[in-house]
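Given below, in the form of C-alpha coordinates, are the structures.
What follows is a pair of complexes built around chain A, which joins chain B in one and chain C in the other.
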Partner chain A sequence: MADYGIKISKPGKDVLTCGIEDLIYYSKYPLLKIKSTGTGTITYDHDDASNDVLVATHSLGYIPIFTFLTQWYDIDGDAKSTTYRHAPFYDSLAGGAVVTRARPYASTTELRYEVGSYTGSGITSISLDYIYVIYYDPDADL
Partner chain B sequence: MAEDYGAKVSKDGHDVTATPTEATRKNFVSIGSTDAHKIIYSGYVSATSYTHNLGYVPIFFAFETDSVTTPTYFKPMENSPYGVRATTTQITNLTNPSYLILLHRG
Partner chain C sequence: MADYGMKIAKAGKNTSSTTIGDYSFWSKYPSLTFMEKKTVQISVTGSGCSGTTNVPFDYDFFPLVIGYVAKTAGNPTDYNNQKYLMPANEFAGISCDLFHEQSLSFTYQINDDSVDIIWSSICIDMGDLSEECPVENATFEVYLYFYMWEMGS
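Moving on to the complex of A and B:
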(Lines of atoms letter the chains of each structure in order from A and count residues from 1; the text may use other names and numbers.)
(Lines give C-alpha, C1' and ligand atoms only; values in the text may rest on other atoms or scores of the structure.)
Protein backbone atom coordinates (compact mmCIF):
# COMPACT_ATOMS: atom_id res chain seq x y z
CA MET A 1 0.00 0.00 0.00
CA ALA A 2 1.20 3.48 -0.79
CA ASP A 3 2.53 5.17 2.34
CA TYR A 4 1.62 8.71 1.48
CA GLY A 5 -1.33 11.00 2.09
CA ILE A 6 -2.91 12.94 4.89
CA LYS A 7 -4.67 11.71 8.01
CA ILE A 8 -6.23 13.79 10.77
CA SER A 9 -7.43 11.99 13.88
CA LYS A 10 -10.01 12.90 16.46
CA PRO A 11 -8.78 14.37 19.75
CA GLY A 12 -7.16 11.72 21.94
CA LYS A 13 -6.62 9.26 19.10
CA ASP A 14 -3.21 8.30 17.74
CA VAL A 15 -3.27 9.29 14.07
CA LEU A 16 -0.66 6.64 13.28
CA THR A 17 -2.54 3.67 14.71
CA CYS A 18 -6.23 4.48 15.14
CA GLY A 19 -8.98 3.01 13.00
CA ILE A 20 -10.71 4.90 10.21
CA GLU A 21 -13.71 5.58 12.45
CA ASP A 22 -11.43 7.75 14.60
CA LEU A 23 -10.13 9.78 11.68
CA ILE A 24 -11.68 13.12 10.79
CA TYR A 25 -9.96 13.11 7.43
CA TYR A 26 -8.13 10.42 5.46
CA SER A 27 -7.00 11.29 1.97
CA LYS A 28 -7.23 7.66 0.89
CA TYR A 29 -11.01 8.07 0.84
CA PRO A 30 -12.66 10.73 -1.35
CA LEU A 31 -15.08 13.15 0.24
CA LEU A 32 -18.42 13.79 -1.38
CA LYS A 33 -17.85 17.13 -3.06
CA ILE A 34 -20.92 19.33 -3.31
CA LYS A 35 -21.65 20.87 -6.70
CA SER A 36 -24.87 22.60 -5.77
CA THR A 37 -27.66 22.65 -3.25
CA GLY A 38 -31.06 24.13 -3.63
CA THR A 39 -34.72 24.17 -2.83
CA GLY A 40 -37.80 24.31 -4.97
CA THR A 41 -41.51 23.70 -5.16
CA ILE A 42 -43.37 21.36 -7.44
CA THR A 43 -47.05 22.05 -8.07
CA TYR A 44 -49.01 19.26 -9.64
CA ASP A 45 -52.49 17.93 -10.15
CA HIS A 46 -53.45 15.33 -7.58
CA ASP A 47 -55.47 12.40 -8.95
CA ASP A 48 -53.79 13.00 -12.27
CA ALA A 49 -51.06 11.26 -14.20
CA SER A 50 -47.39 11.49 -13.39
CA ASN A 51 -45.76 14.89 -13.22
CA ASP A 52 -42.16 15.44 -14.16
CA VAL A 53 -40.28 18.71 -13.63
CA LEU A 54 -36.79 20.05 -14.05
CA VAL A 55 -35.08 20.62 -10.68
CA ALA A 56 -31.63 21.75 -11.82
CA THR A 57 -29.31 21.58 -14.78
CA HIS A 58 -25.64 20.76 -14.65
CA SER A 59 -22.84 20.48 -17.16
CA LEU A 60 -20.84 17.66 -15.64
CA GLY A 61 -21.06 15.37 -18.64
CA TYR A 62 -21.71 12.36 -16.42
CA ILE A 63 -24.52 11.27 -14.13
CA PRO A 64 -23.86 12.64 -10.65
CA ILE A 65 -25.09 11.19 -7.40
CA PHE A 66 -27.49 13.32 -5.41
CA THR A 67 -29.56 13.53 -2.24
CA PHE A 68 -33.21 14.55 -2.34
CA LEU A 69 -35.65 15.36 0.48
CA THR A 70 -39.25 16.28 -0.19
CA GLN A 71 -42.55 17.12 1.41
CA TRP A 72 -45.11 14.51 0.53
CA TYR A 73 -48.77 13.73 0.14
CA ASP A 74 -50.02 11.58 3.01
CA ILE A 75 -52.47 9.17 1.41
CA ASP A 76 -53.52 7.80 4.79
CA GLY A 77 -54.54 11.22 6.10
CA ASP A 78 -55.45 12.48 2.60
CA ALA A 79 -53.51 15.68 3.19
CA LYS A 80 -50.15 17.23 2.42
CA SER A 81 -47.41 16.68 4.98
CA THR A 82 -45.00 19.55 5.53
CA THR A 83 -42.35 17.20 6.88
CA TYR A 84 -39.53 15.98 4.65
CA ARG A 85 -38.69 12.42 3.67
CA HIS A 86 -35.89 11.00 1.61
CA ALA A 87 -36.97 10.30 -1.95
CA PRO A 88 -37.52 8.03 -3.77
CA PHE A 89 -40.47 6.38 -2.10
CA TYR A 90 -43.71 4.77 -3.11
CA ASP A 91 -46.64 4.54 -0.68
CA SER A 92 -49.78 2.60 -1.43
CA LEU A 93 -53.05 1.66 0.23
CA ALA A 94 -56.11 -0.30 -0.83
CA GLY A 95 -54.14 -2.77 -2.86
CA GLY A 96 -52.37 -0.07 -4.82
CA ALA A 97 -55.51 1.91 -5.73
CA VAL A 98 -54.40 4.80 -3.49
CA VAL A 99 -50.82 5.86 -4.05
CA THR A 100 -48.23 8.55 -3.73
CA ARG A 101 -44.82 8.39 -5.31
CA ALA A 102 -41.74 10.57 -5.41
CA ARG A 103 -38.92 9.71 -7.73
CA PRO A 104 -36.07 12.15 -8.44
CA TYR A 105 -33.59 11.09 -11.08
CA ALA A 106 -30.44 12.36 -12.71
CA SER A 107 -29.07 12.38 -16.22
CA THR A 108 -25.83 13.69 -17.69
CA THR A 109 -27.35 17.19 -17.86
CA GLU A 110 -30.27 17.43 -15.41
CA LEU A 111 -31.80 16.55 -12.08
CA ARG A 112 -35.53 15.99 -12.48
CA TYR A 113 -38.39 15.14 -10.12
CA GLU A 114 -41.24 12.84 -10.99
CA VAL A 115 -44.11 12.93 -8.52
CA GLY A 116 -47.72 11.88 -8.37
CA SER A 117 -50.51 10.94 -5.99
CA TYR A 118 -54.00 9.58 -6.14
CA THR A 119 -56.61 9.17 -3.43
CA GLY A 120 -59.77 9.88 -5.39
CA SER A 121 -60.60 12.77 -3.08
CA GLY A 122 -60.97 15.30 -5.86
CA ILE A 123 -58.22 17.56 -4.58
CA THR A 124 -56.64 19.33 -7.52
CA SER A 125 -53.49 21.39 -7.05
CA ILE A 126 -50.80 20.33 -4.60
CA SER A 127 -47.50 22.10 -3.95
CA LEU A 128 -44.61 20.27 -2.37
CA ASP A 129 -41.30 21.83 -1.35
CA TYR A 130 -38.10 19.90 -1.89
CA ILE A 131 -34.39 20.11 -1.08
CA TYR A 132 -31.59 18.70 -3.17
CA VAL A 133 -27.83 18.30 -3.15
CA ILE A 134 -25.91 17.39 -6.31
CA TYR A 135 -22.40 16.04 -5.90
CA TYR A 136 -19.44 16.19 -8.23
CA ASP A 137 -18.96 12.52 -7.62
CA PRO A 138 -20.46 10.20 -10.23
CA ASP A 139 -22.11 7.01 -9.12
CA ALA A 140 -19.66 4.83 -11.01
CA ASP A 141 -16.35 6.48 -10.20
CA LEU A 142 -16.00 6.72 -6.44
CA MET B 1 -12.86 32.49 -10.39
CA ALA B 2 -9.23 31.44 -10.26
CA GLU B 3 -8.59 28.81 -7.62
CA ASP B 4 -5.21 29.88 -6.32
CA TYR B 5 -5.94 29.11 -2.70
CA GLY B 6 -6.72 26.14 -0.46
CA ALA B 7 -5.53 22.54 -0.34
CA LYS B 8 -6.15 19.85 -2.92
CA VAL B 9 -5.67 16.10 -2.79
CA SER B 10 -6.04 14.19 -6.03
CA LYS B 11 -6.94 10.59 -6.59
CA ASP B 12 -4.27 8.16 -7.70
CA GLY B 13 -3.27 8.77 -11.29
CA HIS B 14 -4.50 12.36 -11.45
CA ASP B 15 -2.36 15.50 -11.40
CA VAL B 16 -2.96 17.40 -8.18
CA THR B 17 -1.60 20.60 -9.75
CA ALA B 18 -4.25 20.62 -12.46
CA THR B 19 -6.87 23.33 -12.10
CA PRO B 20 -10.17 21.66 -11.20
CA THR B 21 -12.96 22.12 -13.71
CA GLU B 22 -16.60 21.12 -13.56
CA ALA B 23 -15.71 17.92 -15.38
CA THR B 24 -12.59 17.05 -13.37
CA ARG B 25 -13.50 17.81 -9.76
CA LYS B 26 -14.47 14.16 -9.43
CA ASN B 27 -10.80 13.30 -9.85
CA PHE B 28 -9.93 14.84 -6.49
CA VAL B 29 -10.24 13.36 -3.04
CA SER B 30 -10.85 16.82 -1.65
CA ILE B 31 -10.62 20.39 -2.88
CA GLY B 32 -10.38 23.24 -0.42
CA SER B 33 -12.52 25.49 -2.57
CA THR B 34 -15.31 22.92 -3.01
CA ASP B 35 -17.86 22.43 -0.30
CA ALA B 36 -18.43 19.15 1.51
CA HIS B 37 -20.93 18.08 4.12
CA LYS B 38 -20.14 18.80 7.72
CA ILE B 39 -21.48 16.39 10.31
CA ILE B 40 -23.67 18.26 12.77
CA TYR B 41 -24.58 15.26 14.87
CA SER B 42 -23.68 11.62 14.82
CA GLY B 43 -24.76 9.39 17.67
CA TYR B 44 -27.35 7.28 19.37
CA VAL B 45 -30.82 8.55 20.16
CA SER B 46 -32.87 6.98 22.95
CA ALA B 47 -36.17 8.59 22.03
CA THR B 48 -38.56 8.69 19.10
CA SER B 49 -37.52 12.21 18.16
CA TYR B 50 -34.41 14.35 18.11
CA THR B 51 -34.55 18.13 18.41
CA HIS B 52 -31.89 19.95 16.39
CA ASN B 53 -33.39 23.45 16.17
CA LEU B 54 -31.23 24.24 13.12
CA GLY B 55 -33.86 26.37 11.44
CA TYR B 56 -33.50 24.42 8.23
CA VAL B 57 -34.11 20.83 7.19
CA PRO B 58 -30.83 18.92 7.42
CA ILE B 59 -29.72 15.98 5.35
CA PHE B 60 -30.13 12.99 7.62
CA PHE B 61 -29.50 9.27 7.84
CA ALA B 62 -31.29 7.22 10.48
CA PHE B 63 -30.70 3.63 11.47
CA GLU B 64 -32.73 1.37 13.68
CA THR B 65 -30.61 -0.48 16.21
CA ASP B 66 -31.12 -2.64 19.30
CA SER B 67 -28.76 -1.06 21.83
CA VAL B 68 -26.91 2.19 22.45
CA THR B 69 -24.01 0.35 24.09
CA THR B 70 -23.74 -3.04 22.41
CA PRO B 71 -25.65 -2.86 19.12
CA THR B 72 -25.87 -6.01 17.05
CA TYR B 73 -27.33 -4.38 13.94
CA PHE B 74 -27.92 -1.08 12.12
CA LYS B 75 -30.94 -1.14 9.83
CA PRO B 76 -31.83 1.84 7.60
CA MET B 77 -35.00 3.27 9.01
CA GLU B 78 -38.26 2.69 7.21
CA ASN B 79 -39.09 5.29 4.57
CA SER B 80 -42.88 5.09 4.71
CA PRO B 81 -45.75 7.38 5.72
CA TYR B 82 -45.10 6.21 9.26
CA GLY B 83 -41.30 6.34 9.06
CA VAL B 84 -38.63 8.88 9.83
CA ARG B 85 -38.99 12.44 8.57
CA ALA B 86 -37.48 15.88 9.18
CA THR B 87 -38.58 19.41 9.94
CA THR B 88 -36.64 22.60 10.57
CA THR B 89 -36.51 21.73 14.28
CA GLN B 90 -36.75 17.96 14.66
CA ILE B 91 -36.21 14.50 13.30
CA THR B 92 -39.31 12.51 14.21
CA ASN B 93 -40.73 9.00 13.96
CA LEU B 94 -37.41 7.48 14.97
CA THR B 95 -37.30 4.00 16.36
CA ASN B 96 -36.04 3.83 19.93
CA PRO B 97 -33.11 3.34 20.07
CA SER B 98 -31.62 4.58 16.83
CA TYR B 99 -28.41 5.90 15.37
CA LEU B 100 -28.72 9.29 13.70
CA ILE B 101 -26.45 11.31 11.43
CA LEU B 102 -27.27 14.93 10.58
CA LEU B 103 -25.36 16.78 7.89
CA HIS B 104 -25.17 20.45 7.15
CA ARG B 105 -26.45 20.89 3.61
CA GLY B 106 -23.19 22.39 2.42
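Moving on to the complex of A and C:
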Protein backbone atom coordinates (compact mmCIF):
# COMPACT_ATOMS: atom_id res chain seq x y z
CA MET A 1 0.00 0.00 0.00
CA ALA A 2 2.57 2.52 -1.14
CA ASP A 3 0.19 5.18 -2.40
CA TYR A 4 -2.56 6.25 -0.04
CA GLY A 5 -3.85 9.32 1.78
CA ILE A 6 -6.14 12.31 1.41
CA LYS A 7 -5.88 15.31 -0.87
CA ILE A 8 -8.29 18.24 -0.97
CA SER A 9 -7.82 20.79 -3.72
CA LYS A 10 -8.87 24.40 -3.89
CA PRO A 11 -12.19 25.11 -5.62
CA GLY A 12 -11.81 24.81 -9.39
CA LYS A 13 -8.61 22.73 -9.21
CA ASP A 14 -8.38 19.08 -10.21
CA VAL A 15 -7.10 17.19 -7.19
CA LEU A 16 -5.56 14.53 -9.46
CA THR A 17 -3.42 16.88 -11.53
CA CYS A 18 -2.91 20.18 -9.68
CA GLY A 19 0.33 21.21 -8.01
CA ILE A 20 0.70 21.13 -4.24
CA GLU A 21 0.27 24.90 -4.11
CA ASP A 22 -3.36 24.30 -5.16
CA LEU A 23 -4.05 21.79 -2.41
CA ILE A 24 -5.81 22.81 0.77
CA TYR A 25 -4.88 19.56 2.44
CA TYR A 26 -2.43 16.80 1.58
CA SER A 27 -1.97 14.08 4.16
CA LYS A 28 1.53 13.38 2.90
CA TYR A 29 2.62 16.48 4.82
CA PRO A 30 1.90 17.11 8.52
CA LEU A 31 -0.09 20.07 9.75
CA LEU A 32 1.41 22.41 12.28
CA LYS A 33 0.21 21.12 15.65
CA ILE A 34 -0.15 23.19 18.78
CA LYS A 35 1.49 21.94 21.96
CA SER A 36 0.23 24.71 24.22
CA THR A 37 -0.92 28.29 24.21
CA GLY A 38 -1.46 30.89 26.88
CA THR A 39 -1.23 34.46 28.06
CA GLY A 40 0.73 36.28 30.70
CA THR A 41 1.95 39.62 31.96
CA ILE A 42 5.49 40.76 32.50
CA THR A 43 6.15 43.66 34.86
CA TYR A 44 9.55 45.24 34.76
CA ASP A 45 11.48 48.40 35.50
CA HIS A 46 11.78 50.83 32.60
CA ASP A 47 15.52 51.24 33.03
CA ASP A 48 17.00 49.23 30.16
CA ALA A 49 17.94 46.34 32.43
CA SER A 50 17.46 42.83 31.17
CA ASN A 51 14.27 41.28 32.46
CA ASP A 52 13.97 37.61 31.76
CA VAL A 53 10.91 35.61 32.85
CA LEU A 54 9.64 32.10 32.44
CA VAL A 55 6.61 32.00 30.14
CA ALA A 56 5.96 28.27 30.00
CA THR A 57 7.63 24.94 30.48
CA HIS A 58 7.37 22.05 28.09
CA SER A 59 8.60 18.48 28.01
CA LEU A 60 9.18 18.04 24.30
CA GLY A 61 12.83 17.05 24.58
CA TYR A 62 13.84 19.43 21.80
CA ILE A 63 13.77 23.17 21.21
CA PRO A 64 10.28 23.84 19.85
CA ILE A 65 9.08 26.46 17.42
CA PHE A 66 6.71 29.09 18.71
CA THR A 67 5.01 32.39 18.00
CA PHE A 68 4.78 35.26 20.44
CA LEU A 69 2.73 38.46 20.50
CA THR A 70 3.31 41.16 23.07
CA GLN A 71 2.29 44.62 24.09
CA TRP A 72 5.23 46.95 23.79
CA TYR A 73 6.75 50.23 24.84
CA ASP A 74 6.55 52.86 22.12
CA ILE A 75 9.80 54.82 22.29
CA ASP A 76 8.54 57.37 19.76
CA GLY A 77 5.44 58.20 21.79
CA ASP A 78 7.14 57.44 25.12
CA ALA A 79 4.17 55.41 26.27
CA LYS A 80 3.02 51.84 26.56
CA SER A 81 1.13 50.56 23.55
CA THR A 82 -1.73 48.21 24.22
CA THR A 83 -1.62 46.77 20.72
CA TYR A 84 0.21 43.50 20.18
CA ARG A 85 3.37 43.11 18.13
CA HIS A 86 4.89 39.96 16.77
CA ALA A 87 8.15 39.44 18.67
CA PRO A 88 11.11 39.51 18.51
CA PHE A 89 11.69 43.15 17.71
CA TYR A 90 14.21 45.81 18.63
CA ASP A 91 13.66 49.56 18.36
CA SER A 92 16.26 52.16 19.13
CA LEU A 93 16.68 55.90 18.85
CA ALA A 94 19.53 58.29 19.66
CA GLY A 95 22.28 55.80 18.92
CA GLY A 96 20.81 53.12 21.12
CA ALA A 97 20.37 55.30 24.22
CA VAL A 98 16.58 55.07 23.81
CA VAL A 99 15.54 51.51 23.33
CA THR A 100 12.86 48.88 23.53
CA ARG A 101 13.41 45.22 22.85
CA ALA A 102 11.31 42.09 23.09
CA ARG A 103 13.03 38.75 22.70
CA PRO A 104 11.15 35.55 23.47
CA TYR A 105 13.22 32.41 23.10
CA ALA A 106 12.89 28.69 23.58
CA SER A 107 15.16 26.07 25.09
CA THR A 108 14.73 22.31 25.40
CA THR A 109 12.57 22.81 28.49
CA GLU A 110 11.19 26.35 28.54
CA LEU A 111 9.79 29.31 26.67
CA ARG A 112 11.17 32.51 28.18
CA TYR A 113 10.71 36.23 27.51
CA GLU A 114 13.48 38.80 27.79
CA VAL A 115 12.31 42.39 27.55
CA GLY A 116 13.67 45.84 28.29
CA SER A 117 13.03 49.48 27.51
CA TYR A 118 14.32 52.93 28.34
CA THR A 119 13.45 56.45 27.27
CA GLY A 120 14.71 58.51 30.17
CA SER A 121 11.19 59.69 30.92
CA GLY A 122 11.29 58.75 34.59
CA ILE A 123 8.70 56.03 34.24
CA THR A 124 9.64 53.24 36.64
CA SER A 125 7.42 50.24 36.10
CA ILE A 126 5.70 48.80 33.07
CA SER A 127 3.41 45.82 32.65
CA LEU A 128 3.01 44.18 29.26
CA ASP A 129 0.56 41.44 28.37
CA TYR A 130 1.64 38.70 25.98
CA ILE A 131 0.24 35.73 24.10
CA TYR A 132 2.20 32.67 23.07
CA VAL A 133 1.78 29.48 21.09
CA ILE A 134 4.23 26.57 21.27
CA TYR A 135 4.10 24.08 18.41
CA TYR A 136 5.29 20.56 18.02
CA ASP A 137 8.18 20.59 15.60
CA PRO A 138 6.61 19.29 12.39
CA ASP A 139 9.97 17.89 11.35
CA ALA A 140 9.69 15.46 14.25
CA ASP A 141 6.53 14.06 12.65
CA LEU A 142 8.27 12.87 9.51
CA MET B 1 -21.53 20.21 -6.16
CA ALA B 2 -21.36 23.53 -4.39
CA ASP B 3 -20.99 22.20 -0.87
CA TYR B 4 -18.30 19.63 -0.26
CA GLY B 5 -15.22 19.05 1.90
CA MET B 6 -14.27 17.72 5.29
CA LYS B 7 -14.78 19.00 8.82
CA ILE B 8 -13.45 17.70 12.13
CA ALA B 9 -14.96 19.38 15.19
CA LYS B 10 -13.20 19.75 18.51
CA ALA B 11 -14.36 17.49 21.34
CA GLY B 12 -17.75 18.67 22.56
CA LYS B 13 -18.40 20.76 19.46
CA ASN B 14 -20.81 20.01 16.66
CA THR B 15 -19.91 19.84 12.98
CA SER B 16 -22.98 21.95 12.23
CA SER B 17 -21.24 24.88 13.89
CA THR B 18 -20.33 27.83 11.68
CA THR B 19 -17.61 29.00 14.09
CA ILE B 20 -14.10 28.32 12.81
CA GLY B 21 -12.74 28.02 16.33
CA ASP B 22 -14.94 24.97 16.95
CA TYR B 23 -12.97 22.91 14.43
CA SER B 24 -9.67 21.04 14.46
CA PHE B 25 -9.84 20.85 10.69
CA TRP B 26 -12.11 22.38 8.09
CA SER B 27 -11.10 21.98 4.48
CA LYS B 28 -12.86 25.23 3.58
CA TYR B 29 -9.95 26.96 5.29
CA PRO B 30 -6.39 25.96 4.40
CA SER B 31 -4.27 24.77 7.30
CA LEU B 32 -0.60 25.45 7.74
CA THR B 33 0.92 22.31 6.25
CA PHE B 34 4.58 21.61 6.83
CA MET B 35 6.71 20.41 3.94
CA GLU B 36 10.34 20.60 4.92
CA LYS B 37 12.87 21.90 7.41
CA LYS B 38 16.29 23.03 6.23
CA THR B 39 19.05 23.58 8.79
CA VAL B 40 21.99 25.79 7.93
CA GLN B 41 25.12 26.27 10.01
CA ILE B 42 26.81 29.67 9.94
CA SER B 43 30.20 30.33 11.53
CA VAL B 44 31.24 33.76 12.68
CA THR B 45 35.01 34.11 12.76
CA GLY B 46 37.57 36.83 13.09
CA SER B 47 37.77 37.06 9.34
CA GLY B 48 34.13 36.54 8.42
CA CYS B 49 31.39 38.04 10.51
CA SER B 50 28.73 39.08 8.02
CA GLY B 51 27.34 37.70 4.84
CA THR B 52 24.49 36.19 2.93
CA THR B 53 23.91 32.45 2.88
CA ASN B 54 21.79 31.16 0.02
CA VAL B 55 19.52 28.17 0.65
CA PRO B 56 17.94 26.82 -2.54
CA PHE B 57 14.53 25.14 -2.64
CA ASP B 58 12.76 23.23 -5.35
CA TYR B 59 9.14 24.34 -5.34
CA ASP B 60 7.22 25.70 -8.29
CA PHE B 61 5.73 28.44 -6.16
CA PHE B 62 6.70 31.07 -3.61
CA PRO B 63 6.34 29.21 -0.28
CA LEU B 64 5.67 30.48 3.20
CA VAL B 65 8.94 30.23 5.12
CA ILE B 66 9.34 30.85 8.84
CA GLY B 67 12.87 30.97 10.18
CA TYR B 68 14.46 30.55 13.60
CA VAL B 69 18.06 30.97 14.74
CA ALA B 70 20.12 29.75 17.68
CA LYS B 71 23.73 30.23 18.67
CA THR B 72 25.03 26.69 19.14
CA ALA B 73 28.66 27.32 20.07
CA GLY B 74 30.71 30.21 21.36
CA ASN B 75 30.82 32.42 24.41
CA PRO B 76 28.93 33.19 26.54
CA THR B 77 27.77 29.59 26.64
CA ASP B 78 24.67 30.29 28.73
CA TYR B 79 23.11 31.88 25.66
CA ASN B 80 23.67 28.80 23.53
CA ASN B 81 20.87 26.62 22.14
CA GLN B 82 18.16 29.21 22.66
CA LYS B 83 15.93 29.40 19.62
CA TYR B 84 14.74 32.83 18.44
CA LEU B 85 12.21 33.61 15.76
CA MET B 86 13.74 35.60 12.89
CA PRO B 87 14.31 38.41 12.23
CA ALA B 88 16.38 38.37 15.39
CA ASN B 89 18.73 41.01 16.73
CA GLU B 90 21.08 41.30 19.68
CA PHE B 91 20.15 37.91 21.12
CA ALA B 92 23.29 35.87 21.75
CA GLY B 93 25.10 37.77 24.47
CA ILE B 94 28.22 38.29 22.37
CA SER B 95 30.32 41.13 23.70
CA CYS B 96 32.86 43.54 22.24
CA ASP B 97 35.40 45.66 24.04
CA LEU B 98 34.54 48.91 25.80
CA PHE B 99 34.98 51.00 22.69
CA HIS B 100 32.80 48.91 20.42
CA GLU B 101 29.12 48.12 20.41
CA GLN B 102 28.01 44.68 19.35
CA SER B 103 25.52 44.43 16.52
CA LEU B 104 23.98 41.04 15.79
CA SER B 105 21.35 40.48 13.14
CA PHE B 106 19.84 37.44 11.44
CA THR B 107 17.08 37.93 8.90
CA TYR B 108 16.04 36.31 5.62
CA GLN B 109 14.42 37.04 2.33
CA ILE B 110 12.54 34.63 0.09
CA ASN B 111 13.34 34.53 -3.61
CA ASP B 112 11.74 32.56 -6.44
CA ASP B 113 13.95 29.55 -5.92
CA SER B 114 15.88 30.14 -2.72
CA VAL B 115 16.05 31.81 0.65
CA ASP B 116 18.80 34.29 1.47
CA ILE B 117 19.87 34.35 5.11
CA ILE B 118 21.34 37.78 5.73
CA TRP B 119 23.46 37.82 8.85
CA SER B 120 26.06 39.81 10.72
CA SER B 121 27.79 39.74 14.06
CA ILE B 122 30.05 42.74 14.21
CA CYS B 123 31.64 45.19 16.61
CA ILE B 124 31.00 48.82 15.73
CA ASP B 125 33.52 51.46 16.83
CA MET B 126 31.53 54.03 18.80
CA GLY B 127 33.83 56.79 17.59
CA ASP B 128 34.13 56.46 13.84
CA LEU B 129 31.44 53.76 13.34
CA SER B 130 33.93 51.48 11.60
CA GLU B 131 33.21 47.76 11.84
CA GLU B 132 35.31 44.79 12.86
CA CYS B 133 34.69 41.15 13.74
CA PRO B 134 34.34 39.94 17.35
CA VAL B 135 37.46 38.38 18.80
CA GLU B 136 35.75 35.10 19.68
CA ASN B 137 34.28 32.75 17.13
CA ALA B 138 30.67 31.63 17.30
CA THR B 139 28.49 29.17 15.45
CA PHE B 140 24.82 29.69 14.65
CA GLU B 141 22.20 27.35 13.27
CA VAL B 142 19.34 28.69 11.20
CA TYR B 143 16.21 26.57 10.85
CA LEU B 144 13.94 27.29 7.90
CA TYR B 145 10.47 25.76 7.99
CA PHE B 146 8.79 25.55 4.58
CA TYR B 147 5.02 25.44 4.50
CA MET B 148 2.75 24.31 1.70
CA TRP B 149 1.19 27.65 1.05
CA GLU B 150 1.78 29.85 -1.95
CA MET B 151 2.34 33.31 -0.60
CA GLY B 152 -0.24 35.73 -1.91
CA SER B 153 -2.51 33.06 -3.37
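Assorted remarks:
Here is the rule we use: the second predicted complex is superposed on the first by the 132 of 142 C-alpha atoms of A that agree within 3 Å, B and C clash if a C-alpha of one lies under 4 Å from a C-alpha of the other, contacts with A are read in each partner's own complex, and residues count from 1 in each chain.
Criterion: a contact is a pair of C-beta atoms (placed from the backbone, for glycine too) under 8 Å apart; a residue touches a chain by one contact, two chains touch by 3 or more.
Keep in mind that what you see is a predicted model, and the values were worked out from it rather than measured.
Of the two partner chains placed by superposition, only chain B is touched by A:131; chain C is not.
After overlaying the two complexes on the shared chain, residue contacts for A:29 are found with chain B and with chain C alike. In the superposition on chain A, A:37 contacts chain B only, with no contact to chain C.
Of the two partner chains placed by superposition, only chain B is touched by A:91; chain C is not. Contacts of A:105 after superposition on the shared chain: chain C is touched, whereas chain B is not. In the superposition on chain A, A:63 makes contact with chain C only, while chain B stays out of contact range.
In the superposition on chain A, contact of A:74 is made with chain B only, not with chain C.
Residues 6, 25, 29-32, 67, 137-138, 141 of chain A lie at the contact with chain B in one complex and at the contact with chain C in the other. Note for the complex: chain A touches chain B at residues 2, 5-6, 25, 27-35, 37, 58-62, 67, 69, 72, 74-76, 81-86, 89, 91, 131, 133, 136-138, 141. On the side of chain B, the complex with chain A involves touching residues 9, 11-12, 22-23, 25-26, 28-31, 34-37, 57, 59, 79-81, 83-87, 92, 105-106.
Looking at the complex, you find that chain A touches chain C at residues 6, 8, 19-21, 23-26, 29-32, 63-68, 87-88, 90, 96, 101, 103-108, 112, 137-139, 141.
Those residues of chain C lying in contact with chain A across their complex are 5-6, 25, 27, 29-35, 37, 59-61, 66, 68, 70, 81-85, 87-91, 101, 143, 145, 147-150, 153.
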